[in-house]
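Some structures to go through are shown next.
Consider the two complexes below, in which subunit A is the common component and subunit B and subunit C are the respective partners.
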Partner chain A sequence: MNRSASATRAASAAAPGRPHRGRRPSPGLLVAVLVTLALVVTSLFVGVYDLGAAGGGEMFLITRLPRTLALVLAGSAMAVSGLVLQQLTQNRFVEPTTSGTSEWAALGLLLSVVLLPTAGIATRMVLASVAAFAGTMVFMAILRRVQVRSTLVVPVVGIMLGAVVSAVTTLLAISTNYLQLLGTWFLGSFTSVVRGQYEVLWVVAAVCAAIFVLSDRLTVAGLGRDVATNLGLGYERVVLLGTALVSVASGVTTVVVGFLPFLGLIVPNVVSMLRGDDLRSNLPWVCVGGVALVTACDIVGRVVRMPFEVPVAMILGVVGAAAFVALVLRVQRRG
Partner chain B sequence: MVELTSTPRRVRPATAPARVERPWRAVVRSYGFRLGVVLAVALAAAAGILTYGNPAAPGSSGFWVIVGSRLASVGTILVVAFCQGVATVVFHAVTNNRILTPSILGFDALYRVVQTGLVFLFGAGSLAATDGLPKIALQSLLMVGFASLLYGWLFTGTRANLHLLLLVGVVLGMGFGALSTFMQRLLTPSEFDILSARLFGNISASDASYLPWGALVCVVVGVVLWRRRHVLDVVSLGRETATSLGVRHQREVMLALFLVAVLVSVSTSLVGPMTFFGFVVAMLTYQVVGTSRHTRTLPMVVAVAVATLLLAYFVLRHVFYAAGLVSVIIELGGGLVFLVYLLRKGLR
Partner chain C sequence: MPSRTTNRRLVAVLTAAPLALALAACSSGDESVAGGTEETAESAPSTVTIEDNHGSVEVPVNPERVVALDNHVFETLSAWEVPLVAAPKGIMGDGLWPEYTEDDAVLDVGMHREPNLESIVAAEPDLIIGGYRFSDSYDDIKAQNPDAVVVELAPRDGEDQSSELVRQIEILGQIFDREDAADAIVADYEAAVADAKDAYDGESTVVGLITSGGEISYSAPVTGRSIGTLFPTLGLEPAIEQAAEDTSHGDDISVEAIAAANPDWIVVLDRDGAGVGEGEYRPASELIGGSEALAGVTAVAKGQVVYLDPDFYLTEDIQAYTALYEQIAQAFSGAA
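Our next item is the complex of A and B:
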C-alpha cells in the first residue's frame, strides 16, 4: 500500500497554485487532446479501402466513422473503469481484466447466447453487465477475506479468478459447440465494427459522464471505508454504484468489441505517476489517454500487415504486459 | 521475509521429536504402501484406458490394434505427467515456495513464443528443411537458455520478493501469450499450419513420433535430478542457509531451472499448456508424503501425477466421452484449488 505516499505526492503536486483545479483546462491537457485528435483523424483515413474511389463517402460512413467512434468510446470507457476500480479496491494493479470483470462479462454473454438464442443485442448486453457486476462483487468479497492483502496479492487473486471463470466459459462453449465463436467474440478487435453494430457503445458514454459526476465521492471512497464514513460518505452505496458503472462499461465493451487487456491499467497509472492522485482532475487525462492508446494500437494493427488486420487486443497485450512489469518493478524499487 | 516464514516449516520434519521416535522401518513401510496404492490406481486406470469399451472381441487382432493406438495416449500421459510433476516439485525447491508452478509463471507461454518466433523469423521452410533431432534440440536449447536467463534473473536477484515474482511471472506469461498470437497472425497460412501442428496438441491427438525423444529426455533429466536430490533438499532451505551449508546456491538454482525448462518444453510440445496441473499434483504429493525430502517427494509426485492424469483421462474419455475436455477440467479444478489455497493460507 503506497496509497498514502502517493496521496502526499498528489497533495504536494497540487498545492502550489493548484494549476489544474481551475475551470480552464491546462495547456498540457490541450496538447494531449490535440495529439489524440490527430490520432483519431488518422484512424479515420487508414484502411485498405481507397476513400477517393467511387462510393468512398458511403464506405466512410459505413465503416470508418463507426470504427473510430467505437475506438473513442471503448478506449475511454475501459481506461476510466480501470481508474474507478483502482480507487474502490485501493490497489493500483486492478482493472477489469485483472479483476475478472471482463471474464465474467464473457460468461454472461455466452450464457445469453446459449439460453436465449434469439435475444437481441440489448438483452445480451444486460446479461453480460449483470454477470460482470456479480463477478466483481465476488472479487470484492474475496478481497475482504484474503489474509495477506499486499498490493501484489490482489491482482494475483483477480487473475486467477478470471482464469477459473474463463475455464468455465470454455467448458460451456465446448459442450455447446460455440468454441470457435468464442475466440472471435472475445478477441478485442474493432474489425467487425460497422454502422448498426456499434451504437450500443454510446451507453458507455453515459457511464463515463456518470463517473465524472461521481468523481469526488469515488475519490473519498478511495481513502478507505473508515475515512470515507468519517467524512460522511455512504461508503457501501458509492462502492456499489462504482462497481455497477464499471460492470456496465465492461459488459457493453465485451459484447461489442471483446477484451481490451491492460488498457485500464496502464493509462491511469501513467497519469497518476505524472500528475498525482487527484481523481477528478485526472479523469479527463485518463479518458484522453485511453482513447490515444487504443487508437494508436488499432492503427498499428491495421498497418502492420495490410491488407489484413492484427486485433488490437494482441498489441495491447504485448505493450500492456511490458508496461505492467515495468510499473511493478518501479513501484517495488520505490519500496 | 520469505525465508523467515517458510524455513522453519521445512526443517520441522527432520527435527520434530514425533517423527524421529517412529521406527524408520514403519515410516518406509507406510511410504511404500502409499506409493503402492497410488501406482495401483495408475495401473488400473491405464488398463481401463487400454481395454474399456474396446469394440473388437478381446484377443482378436482388431483388439490389439486398438490397444496399440491407445498405448500412444498412455505413453503421452506418462511423459507429460512425469514432466509436470517433477518440474513443479523441483521448482518449489528452487523458489522456496509451494504455490508457484512453472506454468503459472508463463514457462509454457515462453515456449510458444520461442517456437513461434523461430518460424516467424526464419520461415517454416527453413525449419522443415532441417527437420529432425538437431532442430528440436536447437529450439529446446534456445528456449531453455532464455528461460534460465529470465527466471534466473527473477529468482536470484536481490529483489526476491515473492509477490512481486508471482505477479511479474503471471503478467509476463500473459504478455508472451499475446506476443505469440500476434506473431501467428503475421504468418502465412501454410507456416501457421506447420506451427500449429507443433503448438496445439491434446492428449488424444498428440504426435506419437516425438514421444520416444520426450521419454528419453525425461529419463536423462530424471537421472540427473535423482542424483542431486539431496542437494535439492539443501537448496530448498533458502539461499542463506544453503550457502552456509556449503552449497553453491546460485549454480544449483540455475541448473534446476534449466532442467525445469527442459521438462516444460517437452510437456508443452506434446499436449500444450497445463497451468494448474503441476500445482494440484504437487499439493497432493505433499499431503501424501508428509516430508519435503526429495528422496520421498520425487517418486511420489511422478506416481501421483501419472495416476491423476490417467484417471482423469479414463473417466472423461471413456465414461463421459469428453476427451477434449481433460485439460479444461483440470484447469478448472486446479484453478479453484489454487484460489482456495491462496485464500486460506495466503502466500507463503
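Our next item is the complex of A and C:
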C-alpha cells in the first residue's frame, strides 16, 4: 500500500486554504445516492406480506419501515466505523470485526445479561459499548508495542485478540447456560427488527454526525502521531474520541442486530480505491456505500428462500470474505 | 492309482459318516439342553435381547447400576423409581427430577457439549442408556465402559416419531420388567392422539414455531423440532409448507411471513423456557401474543395459540407428548 502518497494527498486535502474536493457537488456522489435510494425503496417493498392486502399499510409501518431504517442506520454506522478505525490504525484491513471491537461488545452484552439480568436495553448498550471501548484500547496499546506493522500483521493481531475474547465469551456462555442464545444473538440479522425494537439504533446516527464533525481531525490523526502533533493536533485525544465513537456504534449495532462482518472493511476500501484517501470527502461515500451494501445483502437474504430469510451476516460474510481476499491480493501485487 | 483314490475316498466316507452322525447327535443334544435353559430362564429372566438404534443388544433385566443420558427416559425411570448412578444434570432442568439432579450420590456427567465421561466410568454402571444429545459420545462411552451394556433408544431420524416414542417406552418396559406399566403409558399416549385427531376439524391451518433468544423461527412439518411430528400424527394442514434447513433450532422467519400465511392455529415451542428464565429471555407468549404484526393473524386474534410446556425442550418424552396432545385436543375442541 502506498501510504506516503495517500498521506500527502490526505494532508493536502485537509490543509486549510486549498480547494476542497468534497465541497464541490459531485455528480458521482449524486448517482451513488440515487442508486442507494433505489435500493432502500426496493427494500421497503420486498417482503412476504402483500402490502395491498388488508392491513398492508399497518404492516408497512410495523415491519418494513423499521427494518429499512435499521438497515440505513446500521449500514452507515458500521462502514464509517471501519473508515475511522482504518485512519486511527493507519491500516486498511482494520474494522470492528477485525480489531476485536465487536467481540468485546459481545462479551460486554453477555456480561450485562449474566450480571444484570433485569437491566433494560439502554444498560446493555452502555455495557457493550464500554467493553468495546476497553477492548479497542487494548488493541491500540498492543499495536503501539508491535514493531512489525506490516499491512497484514495489524489485522492478524486484531483477529487474534477477537478470537481470545470470543473464547472467553463462549466459556462464560457455556458455564451460564447461554450458549444456545449466543449464536442467535450475534448472527447479524434484521429479521426480528420491528417497530419498538430498533429505535435505539438512532444513537448511531448521532455517532455518524459526530464523525462528520471530527472528520478533518481524524484525517490528520491518520497521518500518524508525529505528523499530527506537528500539525498541532491533540493526537491522543482524537484517538480516544474516535475509538469511543466506533465503540458506541459497534456496541449498539451488536445489541440490536448482531455482527455485520466485513462491512467496515469493504466499503471504505472500495471508496479509497476509487477516490483516494481523503477521509472528509470520502465520508458521505462511505456512508452511502455502507447503506447500499447492507441493504443489497439484506434484500438477497430475504428473497433467496422466501418466505424464509437468510441472515444478512451470512451473505455479508460470503461477499466480504471474497472482497477481503481480493484486497489482500491487490496489496500483495503492488508490493 | 485310481483304485487307491477310491479306497481313500471310501475310507474317508466310512470314517466321516459315523463321525458326522455322532456330531449330529451331539448337536441335537446341545439343542435340547439349550432349549431347556431357555425355558428355565423364562421364569426368572436375567437378560433380555432388545433392538436398539445400533442393532441387537443383550441387556440385563432390572440392572442395578444405571446411567441415563437421554432426556427421553428420565420421566419414565423417575416414575418407576429406578435409581441412577450418573446423569447429565446440566440438561435436566431445575426441579424436574430432583431425585436425580439434587442427589450428590448421582454423579454429574455434565452438558453434552462438554461431557465428563469419566464420571460414567467412575459410576461403574451395568447399563448405560445413551444417545440423543449424547449420541456423539457413543463410541467413547462404549470403549471406556467394557463391562457395561450401552444402548441408544432415542427416536431415530427419518422414522415416524410417534412409533419411535412407543418403541422406546416398550423397550424400557422390557429392560426394567415393567411391561404393563409401559403398555399403560402407550395406551395413554394413543388415547391422547386419538382425542386430538377427533378434535381437529381437518381443515384449520397450523404453523409450528420455535422461539429462542427473542427471535421467532419456523418448525417445519414432520422434521421440525417437537412440533413437526404433530403434522403427520394428527394430519394437520400446514399454513406454510416448506422443508426445514435447521430441524432442531428452526429456520429464520419474519413475522410478516407468519402474518401473510395467516394460520388458524399456532403451536409454539419456547426453547429457552426451561433453560434460562431471566434477562434477555423473552417468553414465547410475549413474542407471539404481544407482537403488533401478528395481532391480526387468526390464531392470535382468536387466542388459538398453543404454547408447549416450558420444560418441553428438556423432556420431549412420550409423557410430554401425551400431555401436549391432550392440551391440543382440549384447545381444538374448545374452539369448535
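Quick note on the criterion: the second predicted complex is superposed on the first by the 317 of 335 C-alpha atoms of A that agree within 3 Å, B and C clash if a C-alpha of one lies under 4 Å from a C-alpha of the other, contacts with A are read in each partner's own complex, and residues count from 1 in each chain.
Note that a residue touches a chain if its C-beta (ideal position, glycine included) is under 8 Å from a C-beta of that chain, and two chains touch if they have at least 3 such contacts.
Computed from a predicted structure; not experimentally measured.
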Overlaying the two complexes on subunit A, which is it for subunit B and subunit C: clash or fit? clash
Is A:174 touching the first partner subunit B, the second partner subunit C, both, or neither of them? both
First (subunit B), second (subunit C), both or neither touched by A:59: second
After the superposition on A, what does A:164 contact: first (subunit B), second (subunit C), both or neither? first
If you stack the two complexes on chain A, which partner ends up touching A:321: first (subunit B), second (subunit C), both, or neither? first
Return first, second, both or neither, reflecting whether A:113 touches subunit B, subunit C, both chains, or no partner chain. second
On the A-aligned overlay, A:215 touches which partner chain: subunit B = first, subunit C = second, or both, or neither? neither
Please indicate which partner A:307 is in contact with in the superposed arrangement: first for subunit B, second for subunit C, both, or neither. second
Applying the document's definition of touch, where does A:43 land relative to subunit B and subunit C: first, second, both, or neither? neither
Between 37-45, 55-63 or 289-297, work out which stretch of subunit B sticks into subunit C after superposition. 55-63
Footprint intersection on subunit A (subunit B / subunit C) at 174, 305, 308, 310-311
Listed in rising order, subunit B residues that touch subunit A in their complex are 159, 161, 163-164, 166-168, 170-172, 174-179, 181-182, 185-186, 275, 322, 324-325, 328-329, 331-332, 335-336, 338-339, 342-343, 345-347
Hey, which residues of subunit C end up touching subunit A in the complex? 90, 111, 113-114, 212-216, 218, 240, 242, 245, 251-257, 259-261, 271-272, 275-276, 278-281, 291-293, 296
Within their complex, subunit A touches subunit C through residues 47-50, 54-55, 58-59, 62-63, 113-114, 116-119, 174, 176-181, 184-185, 189, 191-192, 194-196, 302, 305-311
Taking the touch rule as given, give the residues of subunit A at its contact with subunit B in the complex, in rising order. 93, 142, 145-148, 150-153, 155-157, 159-161, 163-164, 167-168, 170-171, 174-175, 261, 304-305, 308, 310-311, 313-318, 320-322, 324-325, 328-329, 332
